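Note that subunit A is present in both complexes that follow, paired respectively with subunit B and with subunit C.
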Partner chain A sequence: MTNEDYILYLEDDAVELMKFEMAFTKLNRTMQIQSFENGLLGWEFLVNNKRHLPKIIILDLKMPVMSGLEFLENIKNHLSLRKIPIIVLTSSEDKNDILFSYENQVAGYFVKPFSIKDYDETIQRINEYWAVSKISF
Partner chain B sequence: MSEEILKKRFLREKNARLQAEKLLEEKSLELYLKNKELERLNVGLNELLSRTSDQLDTLSYEHKQLFENSAVGVLLSKDGNILQCNSTFSTLVGYSEEEMKGMSISEITYEQDVEPSQLSTEKFNNRNIRKYSIQKRYKKKNGAVFWGSTHVSEISNKNSKSRYLLAVIIDVHKEKITEKKLQQTVAELIEVNDNLESFAHIASHDLKAPLTGINTVLGWMEHNTDPDKMTEYVQLMQLRVTKMYQLIDNIIAYSRVSSTDEERTFFNTKSLVEDCILLLDVPLHVSIEFEGDFPDIMTNKTKLSQVFSNLMDNSIRHINKEQGKIVVGVMEDKTYFYFSIWDNGIGIESKYYSKIFQIFNSLTPSKKSTGIGLSLVKKVVEQLGGKISVDSKVDQYTVFEFSINKEKVQL
Partner chain C sequence: MKEKVHILYIEDDTLDIRNLEWLADQVDHVQLTICQSFEKVASILSANTIDLIITDQYVKADHYSNYLSHFKQLDYIVLSNTTDLKKSTILYPPLKSFKKPLTLDVFKSLFEANSSQKVASKYDYFDTITDEEYKERLISLLKSEFENVLLAVPKLLNDNNLEEIRQIVHKVSSKFSLLQMKEPFDLARNIEKELTIDVLSNDKIQLLLENTETAFTYLNSK
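What follows is the complex of A and B.
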């Protein structure tokens, strides 16, 4: 990967990943998307790429091997990785999941909408918000 | 001269005698009066004495009545030996009052409670406390057991150094059993509640996710009629439909395990495992061996076959060697049967040992795993009074061992 800005998306469902890429392309964003199918692979990637970290992490919660919640706990206890903003994008509406995520300083928690139209809208809003936000590095 | 002298002497003597007589009279009156008083005092004293002894008699009679006819069991002991007990206690334990004299407290205490019982007596002896209470089980003459709430206090005797202990025993067997049942019910309710929560968890994710996926792919098909893409889309949907079907299938199996009413049959565990193997899709490069003496047991066949099927299926799916090997073994001791399923597969890192038994926690992204299997296995094993554990060495072997309480699977 070159030195371009990129997004890290941790998601085990191939359809969800394709859907995200499509929605993102529709917004004319050219930022690259790096993805892994579980928290452990994502974690290992970050630890090996400290010189070129993603601008933002999109995180699914229900993944095998290392779940999103475990990934969150790990990263927010890591001195140099904790500054990366993390947005949770999950189908879980469980109040414990929401609480745990905010307690671990997530930048936002979004439940995956069922219809594609609503999904595209959600991604658009997330994009608009982060397009005007300052990021600390 | 002499006559006058004689007269004088006579007169003097007469006076002296008169005086002496008067004195004597006075003294004897005094004596008489003293004597009278003494007599009166004596009568009073006797009266008092007899009254006190009457009172004492009544008092000890009352005590005896209290001891004897008390609605609670009363026991007098010294140095752990029974000196005396009342009829209530004698009826409770089924020994006669005579039989019980000289028996030790331990002899009428349920084996498992002997130690805690002796321990609290020791504590009582060492510290300067005057009473203590303990709930313990007593062993009746006929071997039956009952729960007694026991309150022990010391009877101090200034003249003697030995300590007498007075124990009051209340039969709380029914209360205790009710309490135990209540605790069990509460535990069951907590489990049911946990299950419901887990179910809400799946409803919110594991069941919704494949549906959302199918809906997404359908949306793409609507706007993209490229025939090359169609095969991929259909595959994506088929995968999700299959996943959902398996999930629902597993949820049904799991909820069946939870139900308490079940049919018990008598069967041989080796033939059960063999039946399971026939239904499993065992690849040609995997061999299955047996080790040990497989017992005949009485339990629900379907539930136990789910345990073996799930564990063996797990082994088969994680074998990565050219020559796969699974060993199903059994051992036993006085209380338990220990079954084990060993395989030479990929192994599990020790940090995941506890995680794998949680519901909906699958370690591998495999299409076939729904994250229910091992939690179902754990549930059945616990219902059979046993425990399940795992041991493994990455890339070398994995062995699951579970126990079954013999009492639960007796004829």
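What follows is the complex of A and C.
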């Protein structure tokens, strides 16, 4: 990985990853996307790359080995990693998942829409918000 | 001159009724009959030749699935703010379901496509992808995932391994989403929800496998 800004996307579904990459490409964003298929791999990557942390983490919740919720809890308890903004992008509409995520200070919780058009719009809105945020990506 | 399409709209919300009346006014071959309760549907269908039913998911707190026997096997469309698939709808599923409010483009599309086009329109996402390498990779991945479902689920059913089935069903729902197959998507989500409380419906699983087969066959033609 170069020293450029990048997004860390934790998602175990390869098709979802492709969907995200396609949606991101449509926005003409060229920021790199570093992805891992479970929370543990993502966690180990961050711990070993503290000098070059991602601008933002996009987090699926339902992952094997280490779920998104476990990852979230771990990262928010880590002094140097907890500052990284995390956006949950999940199929879960479970109120407990939403509550847990906000109690662990996620920057946003998005349910993956069924419609491709709505999905692309969701990614576009996330992009638009963070493009003007002080912590931009 | 196009033959009129007679729609029965089942809805009790004034604003929603007004919206659909406006939509019907924009399409000159649509005749609209409004019905504000499910109890009146049977009598309306007896007295009129209805081509299509559009129904709100809940009318006067009743769920449409409790009145499917009144629909006389006519094609029907569900409008809703949420999805809530019940068992009875799986055996007589809606043609489509849409989020409210219904837009003019979507409303017009109900009358412009014939049935084979309606089926094809579910899968036209691939026609919008210009990056051939991406398209090939995506199709290959999807085929592999659907094939895994077809092979793995029957074995897991034999082993009564509900957790593994749940994980597979969870993953396949996103594939149906990509192909814009709404009813199989809703079905998969419904099965997944039931499996979290150890409820397994063989009928639903079989229907899911049939839909998976359909998707797999479609992808093989790409």
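Heads up, the rule we're going with is that the second predicted complex is superposed on the first by the 135 of 137 C-alpha atoms of A that agree within 3 Å, B and C clash if a C-alpha of one lies under 4 Å from a C-alpha of the other, contacts with A are read in each partner's own complex, and residues count from 1 in each chain.
As a working rule, a residue touches a chain if its C-beta (ideal position, glycine included) is under 8 Å from a C-beta of that chain, and two chains touch if they have at least 3 such contacts.
Being a predicted model, the structure only gives us computed values, none of them experimental.
When the two structures are aligned on the shared chain, A:Val47 is found in touch with neither subunit B nor subunit C.
Using the contact criterion defined above for the overlaid structures, shared-chain residue A:Glu16 touches subunit B and also reaches subunit C. In the superposed pair of complexes, A:Leu99 makes contact with neither subunit B nor subunit C. The larger set of touched subunit A residues comes from B, when the choice is between subunit B and subunit C.
Shared-chain residue A:Phe114: touches subunit B and subunit C both. Residues common to the contacts of subunit A with subunit B and with subunit C across the two structures: 13-16, 19, 62, 91, 112, 114-116. Contact residues of subunit A toward subunit B in the complex are 12-16, 19, 37-38, 62, 64-65, 90-94, 112, 114-116, 119. Residues 200-201, 204-206, 208-209, 211-213, 215-217, 219, 236, 240, 362-365 of subunit B are the ones touching subunit A in the complex. Residues of subunit C that touch subunit A in their complex: 125, 129, 134, 137-138, 141-142, 145, 170-171, 173-175, 177-178, 180, 182, 185, 189.
If you check the complex, the residues on subunit A that touch subunit C are 13-16, 18-19, 22, 62, 91, 112, 114-116.
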